[in-house]
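Handing you this structure, nothing more for now.
Residue numbering begins at 1 within each chain, and the chains themselves are lettered A, B, C and D in the order written.
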Amino acid sequence: MKMEKIPVPGWSTAVSDVGFHKILIRGYPLADLIRNLTYTEVVYLTIRGELPSEAHRRVFDAVLCGIVDHGFFAPTPLASHVIASATPESIMPAVAGAVLTVGSVTVSPQDTAELILEAWKIKEKERLSVEETAVKVVDEMTAQKKRVPGLGHPLHPTGDPRAIALKEVAQKQGVWGERARLYEAIHRVFVEKTGKDLPINIDGMMGCILTEMGFEPKEMAGIGALSYMPGIIAHAVEETRERVRLRAADGEYTGQPRRELPPSYRRA
Amino acid sequence: MKMEKIPVPGWSTAVSDVGFHKILIRGYPLADLIRNLTYTEVVYLTIRGELPSEAHRRVFDAVLCGIVDHGFFAPTPLASHVIASATPESIMPAVAGAVLTVGSVTVSPQDTAELILEAWKIKEKERLSVEETAVKVVDEMTAQKKRVPGLGHPLHPTGDPRAIALKEVAQKQGVWGERARLYEAIHRVFVEKTGKDLPINIDGMMGCILTEMGFEPKEMAGIGALSYMPGIIAHAVEETRERVRLRAADGEYTGQPRRELPPSYRRA
Amino acid sequence: MKMEKIPVPGWSTAVSDVGFHKILIRGYPLADLIRNLTYTEVVYLTIRGELPSEAHRRVFDAVLCGIVDHGFFAPTPLASHVIASATPESIMPAVAGAVLTVGSVTVSPQDTAELILEAWKIKEKERLSVEETAVKVVDEMTAQKKRVPGLGHPLHPTGDPRAIALKEVAQKQGVWGERARLYEAIHRVFVEKTGKDLPINIDGMMGCILTEMGFEPKEMAGIGALSYMPGIIAHAVEETRERVRLRAADGEYTGQPRRELPPSYRRA
Amino acid sequence: MKMEKIPVPGWSTAVSDVGFHKILIRGYPLADLIRNLTYTEVVYLTIRGELPSEAHRRVFDAVLCGIVDHGFFAPTPLASHVIASATPESIMPAVAGAVLTVGSVTVSPQDTAELILEAWKIKEKERLSVEETAVKVVDEMTAQKKRVPGLGHPLHPTGDPRAIALKEVAQKQGVWGERARLYEAIHRVFVEKTGKDLPINIDGMMGCILTEMGFEPKEMAGIGALSYMPGIIAHAVEETRERVRLRAADGEYTGQPRRELPPSYRRA
């Protein structure tokens, strides 16, 4: 029997051109970026492919400052402490482990962005107004018992100060258009329909503004991670500095009382 | 038998104070940071505990722009592509996996910083000049066949353009003192002793300058990760966008030829 | 303003009771397990809470042997090699990174199990026969363009030898009941409706049999990971043994040609 | 300037031969392994390259059952709970994050094995007896203030029941030779010299016995991870089942009191 061959795709990238004596990021020599740009501009360039305008640069700085840290009110810093306690020689395992605390409970700006783009498609296809689209979307989501992403925060029941500050910066820079207004309308209709007065939280606002700026939803999870990376690093270093013991917890055992192996399993 | 109790340490942090209606980062309300600061300043504040001076802000921007991406000439972007090909619904596993590619081969600014601080201790304790310390350190390291961290790069045998640009920015801002000169002396003595004309690479230069700025070695691995995080994110998104297949490779099998289980292992 | 307190849940577990002079796994002293049981029995006990019957033990061994390794035809071993090339001092980062290659493309037994349990609910609720349920489920899934999990494999277009062997062991041990037959019916109806003659693959068969055995879908992703863990470990060790270089790839650059920073971005 | 090309190594493996209609693990058809072997035998085969003898199979089962779970007295299960609380849709991020809790504090069988092999080299090179080697090694380690790996456990100050059971199984199967006796001698000399009556813990005993069996140190970290993988999986599933909230902790803030941004940083 002849063994057929499976075609294996090659590696390709448009991010950087790296070789002998050469490092171009999106076409620009990296040494020029180091000499001239801010980190925020380089993050924008690397992910988007083009340099930001001055307004986009300012708003992107505010977005990247949006989360920073959660204290102990989120799994992220806890994971950072727990893992760093075991690996004080390097914080990298803690950083990697903490990055993994993004899931269906924590959500990320990605979820809000996907909702906005989905709603936008409906608006365009069915030629609805922003308001009509919002009503339609909220009706469907509540009917299907789907959670509207980006709303509510247990610590900030009357308004997330981060989302408020971020919106202010974006509006001041003119980065607030139809897509942002659509998400605001969805929020407003949600509050009216359900009677739940949940404010837009920082994940929602980041997803809303990054969508306005033209980022893709998948990129936003990475941008969100960048935003709380300083906190992850600071917590991990703190743990390695103060502790020589492993993290343990004072937990409760709720399982089976002590028991003996049944005779048929005793083989020693 | 009485069960003794093991004392379990509580959780404490100086990074942030988070609670009802409250998010302070190193004492500052996060909303004020969003409204006023750049991301670079907030990263510095969160990790260091205090705001940067204007000179430190400028140099820290350059440090954070120091790596950005490796094309396909490092395991980091490869890990990002490989993992993202399996999880296109979210780039977070790829980000976490790519962050793990920091080890004894890749090194990080941490290694260089640890060397400089160790050399500095010897200098102070034995009241040596910078030059004498460098000779002593290189002699010991070569005798013990230890690798001097931060030197050489296969793609940049005659000089790492990133390190050159970074040094330029640091010197222009006056962030270049005794510790940086000590590392330069170690480099110079190394080249003279061994005859290997290896330039200081970007990891070495980042470790050198971050030490000058007062960062701790452990923090530097995190700062290094921040520096190549934009590349990780961009590669992961790129993979999810272009591919619907899993990554596979055209590898060679070098193991045992096909064989049958010995009779004593056939039990079916 | 009075700071209210957020209630934080305590830690509790039914897995093990660990303290001074005490390690009970699901109630049994761990030392007794070491002396008497096989690893397969202990994995079953730890995850399920009870010891396996002889038939379940035999089938669970076969399930755990179901995947083992993918050669280079999956992201998992590639991730193992790539990360281990950077961290030859320890294979743990490679193991962690390789474990992350489970997503919507690779799927896992969890997906098949969730389908079976969902279909079972419909069957019970609507009092349908196995055949009627299968028709209904496949009709709905094809109408919604949903992929039926557990079917097809690019390397084994005419039948996955692992799935065939696993089914054989399960049937021989009498671990093949209504739920397994329901999945077989879904498979059969799928082939008839779509004309695509995709065989049940190993993920599908594992999900099918583990559902028969009473495991929960979420547990199955972990059991699947155990199954290919030997391969991950072997690849990582192999990489650290043979290589002193970092993994790189011969990739193609598809991005922007070299360009200069626009004047407004030149600030040095 | 001519761009030189960097040679990129190809992919090769001796673990498995996978292709169209073919999956051989170390030469054996995987379907035959599923039909005939236990998981323990397949783990041994995949990592070592050859099938275990009956004695090795029995001892390897005991080794794999050596740890299983730590309750809440280690970072591993805590990491599993913390990450799973954020990603209840899949336990894989929790598994990956928990695997990362292996470092210089927790150690692993790898450290003990490296010590034994190092001591063995000294013994052979200097033609010392087991006893003389032990004295030399302990003298050097205590002089350099190095920790002897594999000794002591806070919960089992008078003897680790897991290590005791494991040694019993190994001795019964005749898997207890010169290398194991060398480690025992090192332990004995350590207790005599330092007056610290620390027992050999489970990591030490696993490293000792796996060395006797011929495993390499690097493989042992992976085998150790397999051993506590059932606990990681069980804790992660437990968390996803019981909780709908994210893990948070009742921590203490020890940092700066609230402060205002200095005027030069107020730019809004």
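Quick note on the criterion: contacts are C-beta pairs under 8 Å (C-beta built on N, C-alpha and C of every residue); 3 or more make two chains touch, one makes a residue touch a chain.
Bear in mind the structure is a predicted one, so any value in this text is a computation, not a measurement.
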Legend entry - Any chain in contact with subunit A as well as subunit B: C, D
Inset, instruction - Could you work out which chain's C-alpha centre is the most distant one from the centre of subunit A? - result: D
Inset, instruction - With over half of the numbers shared counting as same, classify the subunit B/subunit D interface as same or different. - result: same
Inset, instruction - Return the distance between the CA-based centres of subunit A and subunit C, expressed in whole Å. - result: 25
Inset, instruction - Could you please state the distance in Å, as a whole number, between where the Cα atoms of subunit A are centred and where those of subunit D are centred? - result: 33
Inset, instruction - Quick one: which residues in subunit B touch 2 or more of the other chains? - result: 6, 11-17, 19-22, 29, 32-33, 35, 37, 71-73, 78, 90, 92-93, 96-97, 100, 102, 155, 169, 245, 247-251, 253, 268
Legend entry - subunit D-facing residues of subunit A, complex: 1, 3-4, 6, 19-22, 71-76, 78-79, 82-83, 85-90, 93-94, 96-97, 100-106, 169, 244-251, 253, 268
Legend entry - Complex contact set, residues of subunit A against subunit C: 6, 10-17, 24, 26-29, 32-33, 35-37, 41, 49, 51, 73, 92-93, 96, 100, 154-155, 249-262, 265-268
Legend entry - subunit A contact footprint on subunit B (complex, rising order): 6, 8-9, 11-23, 25, 29-35, 37-40, 42-43, 46-47, 60-62, 64-66, 68-73, 77-78, 81, 90-93, 95-97, 99-100, 102, 108, 110, 155-156, 158, 161-162, 164-166, 168-169, 216, 218-219, 221-223, 225-226, 229-238, 240-243, 245, 247-250
